[in-house]
């Protein structure tokens, strides 16, 4: 059974039909990049996968758990699914260390010592071992985003959802974040990324998903998607971004 | 008629001031407690609860505190609970205070980015955990100055307890006035004592507000 | 049990009281806001002595209870030869109260005026007074209009205390009625309802006036 299974999902915002029957299966260890125009429903799809948004029809299961917006379900999902946001969403009143240790201690009930060890390990992984006692405001955008990644990793999720995690960064800081993500991909964590970084999508992903008008319009290995687009819409899109 | 020296007047007023302070503390502590509950109720996704809080705020901010005190005093004694002036005053001031605090805090909480809630949810924090660890610690910083500012209104509000017969500073002033026929002097003293109670709170509130604005 | 029918014979009393409260509110709001605007100007642009005097006044009023101010004016002032009717004393108390709070609020609004507005007016040859009244005041008030509205409502609600010096207002009517028919809870409940209605209508009125005065915002 696939790790993530999305089955004919429909989503409405009021009258606006945002997702129009999305089907997608993702295996353990796959790296998926979702691309598409603004408003095509990429964020919405991602946010449906961990219960931040509800959907009206169809079904989603992640790691054998059905995804709903009920609190219990979301809480259970948090142990399998991590999420990184465009604007980091670090907690400004907590130090980097506290940001990372918070959920492991109060959700996973780890001891402070245990959580601290994990936090230090994750920070080292993203190259910020010396920032344990800094506050988010003292860090650059790229560093903040790496802390956010460490915070998500500390929950040892099976899937990591990333929604345009480099879009809010100054161009010179994009590289350091992508490098961390690439390293995670190599380590075999399942990654689902919404991204506008086409080079990254081409080089790192196993499969690229092109969304258009609330549907998965075309999907396949990055080579095919970028070099042999089948549909007119994808051709136009690829030409406009490359 | 008994002669009252200035010292006598002031001593009597100060004794009554203790009750003003006690009533203020009770009202503020009660108000904070109720406002916390109301805040949790408002933030909860149950629409009925947040409508209730809206109406609660509208009613207690839209009617005179004096009327609220009368209603507590006469209302509770009507359903044959023998109620003292202290209880009625403390209860109505608590309700009044909570209605204003919940509204003040609403402003502070709603200006926090939505992402704070979403990130907490993604990390598996429950609603109450999110409030406790993420939202309140941040909101308290912005809420402190206006809350302390409002505490001045609470201290001043306790003066209305005199109307339902509770002997605090204002009531003591009225009684001393009746005994001395020196209203100018007595009410000047009363006003000075209130000022001494309130001004430090006003000052602190302004100071914190400046400090907070500067730190942003 | 609740029994409101005993209140019906006293409809007249309630209406008269309501009228008095409305009247007092109307006058005191007008006078209080005008005085507040003047004092805010003095505080913001006046000499440091003037500004100092204004802020002492503001702090004195803001840090003492309304009822004590009222008693001071009504009971205290006659002993230094200033005799006032209850209505006059109540009116004065409401005006100085609203003026003190609105001084503080309007001043905050004036403080947000960009320097460029003053400079632009100056190079166009406008005097201080012209600049203040025609250029600066309206946008300044617009910024703090919601706070000003709330404060006017708070003063209206505070006027319930005037009944304590026998101003025949709405609360006075309620006191009177309940002393006759012993339906205290019902009397006060109805009265509270009337105050609530008044507060809601007042907010509506302020919003309507605001939309008029600040219509330049809507047009865009």
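Order of writing sets the labels: A, B and C. Residues in every chain begin at 1.
One rule holds in what follows: a residue touches a chain if its C-beta (ideal position, glycine included) is under 8 Å from a C-beta of that chain, and two chains touch if they have at least 3 such contacts.
Nothing here was measured: the structure is a model prediction, and the numbers come from that model.
Novice: In terms of CA centroid distance, which chain is the most far removed from chain A?
Specialist: Computed centres place C farthest from chain A.
Novice: Taking each chain's centre as the mean of its C-alpha atoms, which one lies nearest the mean of all protein C-alpha atoms here?
Specialist: B
Novice: Cα centroid separation between chain A and chain B, in whole Å?
Specialist: Computed from C-alpha means, the inter-chain centre distance equals 46 Å.
Novice: Roughly how far is chain A from chain C, going centre to centre by Cα mean, in whole Å?
Specialist: Once rounded, the distance between the two centres reads 55 Å.
Novice: What whole-number Å value describes the gap between the mean CA coordinates of chain B and chain C?
Specialist: From the centre of chain B to the centre of chain C is 21 Å.
Novice: Which bits of chain B are touching chain A when the two form their complex?
Specialist: Chain B reaches chain A through residues 113, 115-116, 118-119, 121-127, 129, 133-134, 137-138, 141.
Novice: Sort out for me which residues of chain C touch chain B in the complex.
Specialist: 59-60, 62-69, 71-72, 75-80, 153, 157-161, 164, 171, 174, 178, 184-185, 188-189, 191-192, 195-196, 199-200
Novice: Mind pulling up the chain A residues that touch chain B in the complex?
Specialist: 50-52, 71, 74-79, 81-83, 85, 87, 89-93, 102-103, 106-108, 151-152, 155
Novice: Would you tell me which residues of chain B are touching chain C in their complex?
Specialist: Contact set of chain B toward chain C: 58-59, 61-68, 70-71, 74-75, 78, 152, 156-157, 159-160, 162-163, 170, 173-174, 177, 182-184, 186-188, 190-191, 194-195, 198-199, 202.
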